[in-house]
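Here is the structure we will look at.
By letter and in written order, the chains are A, B, C and D; residue numbering begins at 1 in each of them.
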């Protein structure tokens, strides 16, 4: 382990990606993720990698498609409106079965919204995002350290299942500074030479083709089923979540992720001091969603609250998890407003009494 | 004596567009009466003797159906 | 001591803790006679303007883009900046954006600033990348001077890892800042430590006096963040 | 007997899917032959566009990728920066390159990205059934310009070579025609030169090829060629629009 240093989430995830062997990065500036592209602009050439500021998010994601097709560890980043523009390319990358990492440092929406932190892109991120029948694994950090650790993790998942992976952060996680430590070593990249373009191959020449066009409906059906078989494997192996204050039977279960979950933790701690037992289940993978873990954590509680920085999106997954077995309520804020711990403590206390 | 040349038109590829017929300065190519497996009247060489091997038919052919050999 | 100088410019590497230091200087200022000028055009979050309401209630004037524009991500300066710089009735503290990039915003006011006279301080946090060694600190100072057209006279050590700050971190930062000051003939002005941490850290061995910082800019989940955290 | 001309190894054995007389096939052959002659089939990566050439990944025998409409120059950027020793080319039609992909084209050219762009201009959207393209001629009918293109309303035919040649950085910009065997022989030289320049890492190569669309124009292949000679070549004159290699030679 190296020294503990102080970094913004945007910087830390960029540094972690480079340390994890990412040598290709294409992006377009947008607040509040610009420190990420600026960090890459400064550091990627020093690491001997490729940095390019693309002419648009659309171009950036297609440059990622090119690098991913060559089997490179490649990353891009943006914030909500830019991620919308990237969806075309993400759909192609998913369909072509290519590994790539996409960081979304979300801002307020819809439209141009504002630069404040929101979790309003949950539906987009967890339901594929672009056109077609596909998903992408979605990792949701809630600290700078976790944000940084997700860069190598995202590459490993991307390569294991040959899929684009989304890191679902927000402006707060991107902008705030926290101490961060980087591990000394990272998992090596999986050998892509069996499918990647431009690989020198021994023996008889056979060209590699990367394609997502399957005119015959039966073939497309088959290809989609192959994709979904891989999704089953991801569901089996990659579901991640954190249980907080759940060891003793709580009266209220809160499900919350990312920045919102940080405030929830403060409220849970404050309520614990008052003798009110509230547990938090924090999904770390938003797709695949920890349905079973939520259902288990909800056993015996009076109510399940979903706390989000939006008008109620993850709430739908929570209700799917509970399948009507428990009463639920939604607590959210839009506009980029963030709950204060005091405010949230009061709200949760209201449900507990 | 003129050099011997041989022109072969692969019916598998030929779509009978006629661009090679237009390209031939000797007029030695023509549509066949029969249909090929794709449903086109393929082009055939009607006069191998007249062919000089200039390859203009090959140049014009969009389907790379033509092979030209020379002695 | 911290209140020396009628115009204090606070610069430093991005994330060095400039804003927290500038805000603390302002908070320690005389009510009705202190102005805090927010010149940060690079950072979209955690800016001194976020404290405007709290400070104005205490008689400290925060000069920053007004109204809804204070949350904009366009490089916008308050039209009151020039007037504030000329107002010698008040002590003025300027919170500048990080890095040479942030210091560029100073250049357009450098004439007015030089006329009035100023003290420019470089805040050093050796736990930030690109600010870890004496060489890196001096390089940052030179580049900020070049971008702003002004001269840094004083160095402030502010090495920290927020709540995870240890005594070693504070001492390491003070040593680097002190050595950088010595090598460049600048004044090693002060060493900042978060007030809440002082009891735990004991008495760090440093070559300058210690300035206890109150934490004003909190993350939304930190108790007491409610009023301060606006964005 | 020795073979003097035969189907190039740069193309696969697959039958082309284009309509009879469509000059896509000629363009394909020129590219395949040039790859074979330069010995770069094993190190070329081609990009199939959206358009009639969407299946091009089945036709070229090098590595191939099929990409979103208009984005080929951006994907090519990612490819060539990942594989600097490969020769990366895009194959794009007028809708792909000059409409939806205008930004990607202009910026890749401006970066002098080391790629070769083959631009097949037949003044119409072929794949989707004859809609108006940026290169559709004034007055020319298309399914989305049923009364003929009104330039006052929908703009004039976009001249990509002329437009790109205003940029300082791109290396080689040329327009050739595929409308006669003689023109095709000239076009071959341009294709090969563009590939050679890429091998020498000179940067952005742009080869526009004036082509036909007999089916959507409603003409037989021969008449389509004659029509294109009369109507398209005056609007899109063949020639070299930029050649930094020649400029450097002149200067020295």
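To be clear about the criterion, contacts are C-beta pairs under 8 Å (C-beta built on N, C-alpha and C of every residue); 3 or more make two chains touch, one makes a residue touch a chain.
Because the structure is predicted, anything quoted here is derived from the model rather than measured.
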Subject >> Label of the chain whose CA centroid is most distant from the centroid of subunit C >> reply: B
Subject >> Chain pair with more C-beta contacts, A-D versus A-C >> reply: A-D
Original post:
Which whole number of Å gives the spacing of the CA centres of subunit A and subunit C?
Top reply: 34
Original post:
Per the centroid of Cα atoms for each chain, what is the distance between subunit B and subunit C, given in Å?
Top reply: 83
**OP:** Take the average of all CA coordinates in subunit A, do the same for subunit B, and state the distance between these two points in whole angstrom.
**Re:** 60
**OP:** With chain centres taken as the means of their Cα atoms, state the distance from subunit A to subunit D in Å.
**Re:** 39
Original post:
Among line, ring, star, complete and other, which best matches the way these chains touch?
Top reply: line
Subject >> Set of all touching chain pairs, with the criterion as stated earlier >> reply: A-C, A-D, B-D
**OP:** Would you tell me which residues of subunit C are touching subunit A in their complex?
**Re:** 15, 43-46, 71-73, 125, 127-129, 132, 160-162, 164, 219-223, 225-226, 229, 231
Original post:
Which residues of subunit D touch subunit B in the complex?
Top reply: 1-8, 11, 15-16, 18-26, 28-29, 32, 181, 184-185, 220-222, 225
Original post:
For subunit B, which residues count as touching subunit D in their complex?
Top reply: 4, 6, 10, 12-13, 15-19, 22-23, 38, 40, 53, 55-56, 58-71
**OP:** Mind listing the subunit D positions that touch subunit A in their complex?
**Re:** 41-43, 45, 48, 54-55, 57-58, 61-68, 71, 74-83, 85-86, 103-104, 107
Original post:
Okay, in this complex, where on subunit A does subunit D touch?
Top reply: 24, 26, 50, 52, 54-56, 58-60, 62-72, 74, 88-89, 92, 96, 197-198, 205, 207-213
